[in-house]
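Chain IDs A, B and C follow the sequence of writing; residue 1 opens each chain.
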Amino acid sequence: MPKDDLQVMRDLMDAQRKGFALPRHFYTSQAVYENDISTFWNRNWIWVGHVSQVAELGDYFLFDYGPESIIIVRDREGEVRAHLNVCRHRGSRVCIEQKGKARNFICPYHAWTFDLNGKLRNGRSMGSDFDPGQYGLFPVQVQIFQGLIFVCAAEDAPPLDAALERLAPLSKPFDFENLKVAHEASYPVPANWKLALENYLECYHCAPSHQDYSRSHSLKDPAQVLEFGGALHERMGEVGVPLEELDLTGENALAPGADVYWRRYPLFPGYVTGSKDGAPLAPPLGELKGHDGGATDLGIGTLNYFLVYADHVVGYRFVPRALQETDIQIVWYVRGDAQEGRDYDKDALTWLWHVTSLDDERIIRHNQEGVNSHQFVPGPLSEMEWSIPGFYRNYFSMI
Amino acid sequence: MPKDDLQVMRDLMDAQRKGFALPRHFYTSQAVYENDISTFWNRNWIWVGHVSQVAELGDYFLFDYGPESIIIVRDREGEVRAHLNVCRHRGSRVCIEQKGKARNFICPYHAWTFDLNGKLRNGRSMGSDFDPGQYGLFPVQVQIFQGLIFVCAAEDAPPLDAALERLAPLSKPFDFENLKVAHEASYPVPANWKLALENYLECYHCAPSHQDYSRSHSLKDPAQVLEFGGALHERMGEVGVPLEELDLTGENALAPGADVYWRRYPLFPGYVTGSKDGAPLAPPLGELKGHDGGATDLGIGTLNYFLVYADHVVGYRFVPRALQETDIQIVWYVRGDAQEGRDYDKDALTWLWHVTSLDDERIIRHNQEGVNSHQFVPGPLSEMEWSIPGFYRNYFSMI
Amino acid sequence: MPKDDLQVMRDLMDAQRKGFALPRHFYTSQAVYENDISTFWNRNWIWVGHVSQVAELGDYFLFDYGPESIIIVRDREGEVRAHLNVCRHRGSRVCIEQKGKARNFICPYHAWTFDLNGKLRNGRSMGSDFDPGQYGLFPVQVQIFQGLIFVCAAEDAPPLDAALERLAPLSKPFDFENLKVAHEASYPVPANWKLALENYLECYHCAPSHQDYSRSHSLKDPAQVLEFGGALHERMGEVGVPLEELDLTGENALAPGADVYWRRYPLFPGYVTGSKDGAPLAPPLGELKGHDGGATDLGIGTLNYFLVYADHVVGYRFVPRALQETDIQIVWYVRGDAQEGRDYDKDALTWLWHVTSLDDERIIRHNQEGVNSHQFVPGPLSEMEWSIPGFYRNYFSMI
């Protein structure tokens, strides 16, 4: 009996060797890609932005991934809401502009009109039996953590509350609530989204591939993380950064898709933040009394990652566009009252992760090219790639 | 057991909810698209042109859709014939130029030579057992209605005769036989052909989407069609347009694929044709004594549509190029003896359906984008979209 | 029960009519294409270059086809070796530059380092149980015939030795060992690789399609091959070209994929080589005492073809890039001590097969367009296309 591509996928999941990379099929099958969107992306929390982007009533922006589009809007009651950007009539995109201020959403095809809360207002020529109450925009779940907005298209989104409750006191001094977007950039990579995410999940490649990052960040060498860790802890105490770590990932996750990770590691002596010369890039965030010279790896859910310096936050997501097309999207945040030119220089602020992302585009592309070989056999993962099996575990649990 | 894409399609057909739009699968599956070509397009009548384009012996032109190509030619006996543009040897395109005058068709690969009637002339080095009579170009059925040429690749083309016989007296005064092509244009749309066709089939979207059309055409509002219908009938009588309507579509169709539809509706006061200022665009067609200020929606088969004004005819077809690539092809016809510059201005003539097609490109594109969502659920159709279920009925009966 | 595309392929193989072309499915199915790569290309010998390209230790070049990439390198022991260009860790391309000189191969992702012979040197952070001996680059088989390098990704490559042993004395006087590359060119064709190869395999199309070739080469007409064959044999004897022919193809092949073919045919009077004016293009190859005015069709395996004139050799391969994208790659060789400008003019040398390949690009493209029709029915092959069924036989025996 012929096996379809999803059956091949399930057989490979059963045969998956612990501590090894995934087989080719996961990165080359169109059916697997579509399943990734419908069962993994549509059922996980996705970081889409920050409350400052929907500060006033009617402010909205779109977030697109794969064939999906989500409207994020502040409604008339002041709530941040999210809706599927698909008309309930014949499926047109309802909202076309990437961001703006709206009084309501009028479908450009047949003018079905939806309130900011998604409710359908009328149904022109729909007959007397038509009940507009049945045809509001499909709601998308929203979770806001200290100003960061996450959405999930599924009704039964992974339960994040318990994990975020434990995270809250650790990130509190950084005052994420009052960040502002300093810059956004997108790096298109001709590779499957999982290869882009796996690249982010490990620093085994940092030393050979990222010279600039490795000059300042100890994570490229576990021994050096230890070596400079004590001094970092001392400075963390001085400036007001909590010392705790949190690892609710892999086997420790409270539920599938509800991973949270927070761990701060030292920059090398001479670097107080992720800058080229080691000097500060912006005023300390939130309540911090200064620069501690640390960087926190923060993960929320399985798709959303942040690097938290003392003076800025960099957010990362790996947005699928097609089977082998992915956008690495990066957002740089500084404290909300910082002014460009006076308090920070945008080019200096974004330098490190701009050059590092150009490196990554290259190595992820070469990774996909090799994985495409019919003769590729996945090899063993190193000790420094420990978080990749955690991702696989999550991925397998939901697809 | 895995289901292939066509089985998924058949299950969806069984579950299709009356009066609702079609599910995503019909617009996103490559297998469904290929089936559309092989079972629907290849078995339906397609309007390809007008006899004036093959006026003399040897005149030919090509019509292409999906992966198919048809040669339409006037042969030595004076008959309009159509052949599959595929060599019977190893399958090369036989005819490469889009139009011209030929004495015969010589395959550019191995020089197999076919007469204008499709007969293979010789078979160089084919051995003594070879019978050229077995290897003529595959014939394509031809139906000519008052000068309009239709082709069908299937041997058992839908029987159009009876329906066309009933149509003939209604269109006769417009003298389609003596039309000439004033202009042709193609509007590429990144959407499945069915979304482009469905867009044409309903005027529910006219008011919100087509400001220019809606300024002059009452079809955008059924109440106004009624309001101005009486006066139109009076003028139709005066200029010589028959008053009858004909609706052999949907359940009234005489056979699957044999739909014919003819219904004239009023333009708004001040408009005698589909012009920007309401003034005539060209001399009245055929035997008409003047401009009645009406517009006839004419459909022949399930794929071919025309809008018949008193002074010009606009033909529309929605030609598949790929799963989500379609060309909206439009041809403007005026009476055969009209001269550009003297009797009509091409820019004025084509203005309305040029701007309207630009609108349509945009809304059909947004429709496809939304339909691509894994979460799209087809909604209920309005009363003004009554002809879409008729199309679905036809479509389901043949795929 | 639904049939998958490979099952459809197998059914078509069972139903294949002897002496007829292949059905559409073999040229339009993505599954068939992927199977072509994994079961035919990866298990056949592919001509990739000449030993002069890896003259010194560490010299390497890449050969890519479909999603595959092979490194060909001269190792420290002086052996020509080939490796799969895929890291044994997570599958990155190991070697990025198309050619160069290397001391070792360092994967650009995580710096796994391989010796020129493919052995993995170290395994940074791989734990104490890690055995680098298990993770060398996958070896690719290498066969060198008189300086021409062939590779095969399969462990059980077709046994070529016996056939090449019989070929050796026939080609020996041309001294392939000491050729040098005069020029390389690639002609992209939007067609399946099999259509490009089939085009090369027959000269039925030469007369109608290749005017320049047909002006000088008798192969376009079997009768003329005979007519001028006697005089050619006489001149072959004079300049030192062996008179024997060798046809180990089709039913005569010693093993599937082990075909060898060598047959010399006359140019027309006035032509001593494949030049525009008939005059010599370069000094006679190897031990030849002059120009005999012949051209040898040489085939080695099922994928590699050469045309051997008295003063240069032209090599051809038809490299798959995607289902309907193929590169016709051509290499012109002259004797190793010939100097451009003094001994040969590159434009004159490459003229014939440049213009002929432009012809071929066009006719193969039109062939694919027609074969894409759902209504294409494969026709009978002519007597001059006798070698195409031989290719099908080989193809069917391995897929």
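Just so we're on the same page, contacts are C-beta pairs under 8 Å (C-beta built on N, C-alpha and C of every residue); 3 or more make two chains touch, one makes a residue touch a chain.
The chain lineup, named per UniProt: A, B, C = Rieske 2Fe-2S family protein.
These numbers were taken from a predicted model, which means no experiment stands behind them.
Superposition angle, chain B onto chain C, using Cα atoms only: 120 degrees, a multiple of 5 between 0 and 180. Under half of the residue numbers found at the chain A and chain B interface occur in both copies, marking it as a different-residue contact. If you average the Cα atoms of chain A and of chain B, the two centres end up 47 Å apart. Residues of chain B in contact with at least two other chains: 1-4.
Taken together, the chain C residues at the contact with chain A in this complex read 1-4, 6-7, 34, 37-38, 42, 66-69, 84-94, 96, 106, 108-111, 123-127, 130, 135, 138, 153.
For chain C in complex with chain B, the residues that touch the partner chain are 1-4, 21, 24, 198, 204-205, 207-209, 362-363, 366-367, 369-384.
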